[in-house]
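Next up, some structures in structure tokens.
Next, two complexes with chain A in common: one pairs it with chain B, the other with chain C.
Presenting the complex of A and B:
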């Protein structure tokens, strides 16, 4: 195959082209700019998905001089990212109008961020992965501070930027150490270098340290303890659709990049960082779930919930098994539906200026607006991992994978955490349906946002009842490189 | 009709989906459609009776489809009916329309209420019919959500506390069960070479000796399954959710809770714990029996000082379910037959009691015993029906409660005389508190003005209660209708645990009894009565 095989990066080309096009075209479209921008963004994202689907299925590493891989794992993740993007555009159009925020820039940044995530999961070289991460991060910093006149949004963008810059530095330092030890930043080359050592203890200290720093750098992105402290503040202050995006996009991309690094750069039979990841998983679950209990603000609640979910996902990394990693990929899809659905409701209920974000503001929403309250309930129930939802299937396989590895204590800790999480997710349901309704007026539901919310709710149940196709796709994606 | 079981399970769900499309304002239509769906479910379940082969101990009318898979993981949609689940299914499909008919006093969000009732029914039926452990877990959990809403939205004052407590307690237990299910999957797979969640397949591997669990693992699994079931039953220290949930739930919620939901726990012990972990069951039986006895006596004592009618009925459930557990863990056919019979009895009589309490609450908006007195003067029909149900609940010979209790006591005495004596004390206490309550509510002078204006039961209320009363008498007079179809399956469920047991001489004779005394098809009580005398 030709070294410069364009179909391998066509999805990213489409995304960037669409992003640039929106920016250039917006000033000329005037009034119709908003709708046209959204249409162009959706077209770009759908085009990238189509490009992923049309690309050859045969796994090829190291195209573009060892920079990019083409394999089912990357395809799976890129399709998820396109789905995230489309749901985001549809869900946030009305929000942008309500808050009088610029549309074009928002969509452009979203498309660039998506392109960055794509490079993170297809990169075959640490440098490529890093560049992808930076494209994503810079776009997200701007998005977090997108409500320029709101101090909370400014704080959020600023905090995220400093934390992000810090984590990038750590990551970069790790990459430098790996390069110093192995003489290359290419996954395949480092893998060959490491495979030469039969005992993990023989590995050069530099290399082990380098991998540790890389893992730490990504732990910031996925909000895993002890690198999670920025999450609640940033999630609370950012515009709600951006919070939704941050909670699913960078998290999934970060985990996907970690999977690649820990299983394609580190030889699969040398689980160097398992013990550390295990500690991090336990800590992350505890911090997330215990932190969520006293929250009164729904965005902060969901922020802690997203920390907790990073903990559950880490279980998949700890198991280092096909079941565990495939469960992670499935969980990405489930998690994106639950979080985008939930945050879409939060964005609508919050009202102009995002003033109504306390859990108490949901009083009486239950029977007043079932179009919002029932899908939100489905999302929360799924986040809690109750059966007949996608969230259950994900947790079921994550826990199964841990049982397969006989990590019994970890599973017990995880289920106790799930129990705690049931408590705080249910609290929202209690407020919506069971407390005396407040006098709050109905929330206007724009068509596109309504479609997103209902679609998320229905898909969560559909995936909970008929998960086979997605499970198959996710295990194929993992086998495509673990099997090799 | 090869999908009869699926039809039975999902017919109510279908009704719920239909309800969602009826405009909110048409309350009458919601009630009618819900009732029709529940009745259709009952009719479908009656078909089960005609197709069921009572001589066979095996699962019948099975349905097996691949459900979902990942890699080697295969989870199946596997339903099956045997003598144990048959009557529990019928009880569920019978009680639900009764409960729906008893919910006319609900006026808030009728459509959603009815949807939750029907989804709840589907969930419970799924629990009783699932033969795949993951499918079982799915139904077990799915049924939580409608019940949670029923208590939390339509309950009385403390409903939110009760609903959340109910949910968290049950969830706590069931998460351990989930871990046990997965552990069983791997341990069975590693030993037998075939990874499956299929209950009959795992059991067959155990029976054939391909898969033997060491005692320590059995105990772990027994405890993990057991905690889920014990919370549901509820066994003594796990019972504290029950009085709250029962008392705060709307009438129909309490009815379904008491009549069917609690049986999911005892059913779980009988279906899974006894056959799958026989050694652990035998090892832990003294503990379980002791807790059951504490529950019997403690529940009864609380009832004696209970000022609130509904709470009284709730605590009496703790006591009665203690009997069921004692019967199950006697490990002989009398005890287990009695326990299964008592599950049905308790479903009918406690269900009816909650309905009756609900009817008086609708009229007076109080449940305090002290507020009543002499009601028999104003409400003769109500008083008469209440009497019958009360007598059924305390086990008057000729009514259903007697058959179950005598069998359980016989089983308990055969296993351990102390258990029998203590349990019999519980029976006496139950007569004391039920009759005292009856006396204070219905007899004596009608000395409160508010009670003078009370109207007797209307046609709908009579329609609700009369079928129950008919069944109460039928089950008391002709128990073989119900005991015979159960027999083969119960023998099979007991087989492994009886094998394990090293029978000491005294018990040995009793263990032999079923073979001679209660052959398949021989109704037990008649055979049993002489032994007691």
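Presenting the complex of A and C:
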């Protein structure tokens, strides 16, 4: 195959072109600009998904001089990112109008961030992964501080920027050390270099340190303990649709990049990192679930819940098995539906200026606003991992993969954590259905946001009842590089 | 006499350590940001040092990518600093405590 094989990066080209087009076109469209921007953004994201589907299915290790790969794993993740983007555009249009925020910039940044995530999962070289991460991060810093006259959003953007830049620097130093030890930043070349060592203890110190720093850098991005402290503040202060995006997009992309690094750059028979990730998984679950219990702000509650879910996902990395990693990919899809659905409801209920974000503001929403309350209940129940939802299936396969590896203590801790989480998720449901209505019970539901909320709710139940097609796709994606 | 590559790497490690300590200890947002830039440039120096020791140019090419990214990051970071200063009239990290439960 030709080295410069355009279809391999066509999805990203489409995304960037659509992003630039929105920016250029918006000033000329006047008052039609908002709708046109949203339509262009959805078209760009759908176009990138189509480009992924039309690309050849044969895995190719290195194109563009060893910079990107073309494989089912990358395709699966890129399709998920396109889905996140489309749900985000539809769900946030009404929010942007209500808060009088610029539409064009928002969609453009969203498309650029999606292109960055795509490069993170298709990169075959540490430099490519790093560039993708930075494209994603820089766009997300701006999005977090998007309500620039709101001090909370300023603070959120600043904190996210600082933690992001700090973690990028750590990651880059790790890349420099790996380069110094292995003489290359290419995944394949580093793998060949490392395969020469039969024992973990024989690895050059620089290389071990480098991989440690890279893993630490990504742990910041996915909000894994002990690098999670920024999460609650940033999630609470950012505009709600942006919080939804930050909790699913960068997290999934960070985990996908970690999967690639830990299994394509490090030889699979040298699990140097397992013990560290195991400790981090346990800590992350505990911090997330215990931190969520006293929360009275729903965005902060979901922020702690997102930390807890990073912990569950880490279990998949610890198992280092096809089942565990496939369960992670399945969980990405389930998690994106649950979080985007829940945050879409939060964005509507919060009202102008995001003043109603306390759990008590959900009083009596239950039967007054069934279109909001029932999907939100489904999302929360699924986050808690109750059967007949996608969240249950994801957790079930993650935990059973850990059972296969005989990590019984880890499974017991994870199940106990899930039980704790039922308490704080159901508290919101109880407030919605069992208390007298407050003022939030009379919010208007814009059509597009309503469609997103209902779709998320229905898909969560559909995936909970018929998970096999997606499970099949996710294990195919993992086998595409673990089987080789 | 040319500088030995090892000295370059030791300098880079020192700069990185100074950057981390500064980023964690200082309380002024602009100084904290400078410390992060110091960390990035320590990584650049390490890449160049390794590149020379290995006798290849790959590491130096990476540095160009990093410089571009750091410039973009600095633009966004300083814009955020300005927006924050306009609304809060302070750049003290300890005052960024609007959100607590």
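The definition used in the following text is that the second predicted complex is superposed on the first by the 481 of 484 C-alpha atoms of A that agree within 3 Å, B and C clash if a C-alpha of one lies under 4 Å from a C-alpha of the other, contacts with A are read in each partner's own complex, and residues count from 1 in each chain.
Throughout what follows, contacts are C-beta pairs under 8 Å (C-beta built on N, C-alpha and C of every residue); 3 or more make two chains touch, one makes a residue touch a chain.
Owing to the predicted nature of the structure, the values given are computational and were not obtained by experimental measurement.
**Q** Tell me which partner A:25 touches in the superposition: chain B (first), chain C (second), both or neither.
**A** neither
**Q** Once the shared chain is lined up, is A:294 touching chain B (first), chain C (second), both, or neither of them?
**A** Second partner only, chain C.
**Q** Check the residue A:183 against both partner chains and state whether it touches chain B (first), chain C (second), both, or neither.
**A** So A:183 only meets chain C here.
**Q** Does chain B (first) or chain C (second) touch A:396, or do both, or does neither?
**A** A:396 contacts chain B only, not chain C.
**Q** Does chain B (first) or chain C (second) touch A:237, or do both, or does neither?
**A** The answer is second: A:237 touches chain C but not chain B.
**Q** When the two structures are overlaid on chain A, which partner does A:388 contact: first (chain B), second (chain C), both, or neither?
**A** Only chain B is touched by A:388; chain C is not.
**Q** Between chain B and chain C, whom does A:467 touch in the aligned arrangement: first, second, both, or neither?
**A** In the superposition, A:467 contacts chain B only.
**Q** Where on chain A does chain B make contact in their complex?
**A** So the residues of chain A touching chain B come out as 322-323, 326-327, 330, 366-367, 381, 386-388, 392-393, 396-397, 399-400, 403-404, 408, 411-412, 415-416, 418-419, 422-423, 426, 430, 433-435, 466-468, 471-472, 474-475.
**Q** Could you pull out which chain B residues touch chain A in their complex?
**A** The contact residues of chain B facing chain A are 67-71, 73, 109, 112, 134, 137-138, 141-142, 144-145, 148-149, 152-153, 159-160, 163-164, 167-168, 171-172, 175-176, 178-179, 182-183, 185-186.
**Q** Flag every residue of chain A that touches chain C in the complex, lowest number first.
**A** Spelled out, the residues of chain A in touch with chain C are 127, 130-131, 134, 137-138, 141-142, 145, 148-152, 154-159, 161-162, 165-166, 168-170, 172-173, 175-177, 179-180, 183-185, 232-233, 236-237, 294-297, 300.
**Q** Quick one: which bits of chain C touch chain A in the complex? Just the residue numbers, please.
**A** Per the touch definition, chain C meets chain A at residues 9, 12, 16, 19, 23, 29, 32-33, 36, 39-40, 42-44, 46-47, 49-51, 53-54, 56, 58-59, 62, 65-66, 69, 72-73, 76-77, 79-81, 83-84, 87-88, 96, 98-99, 101.
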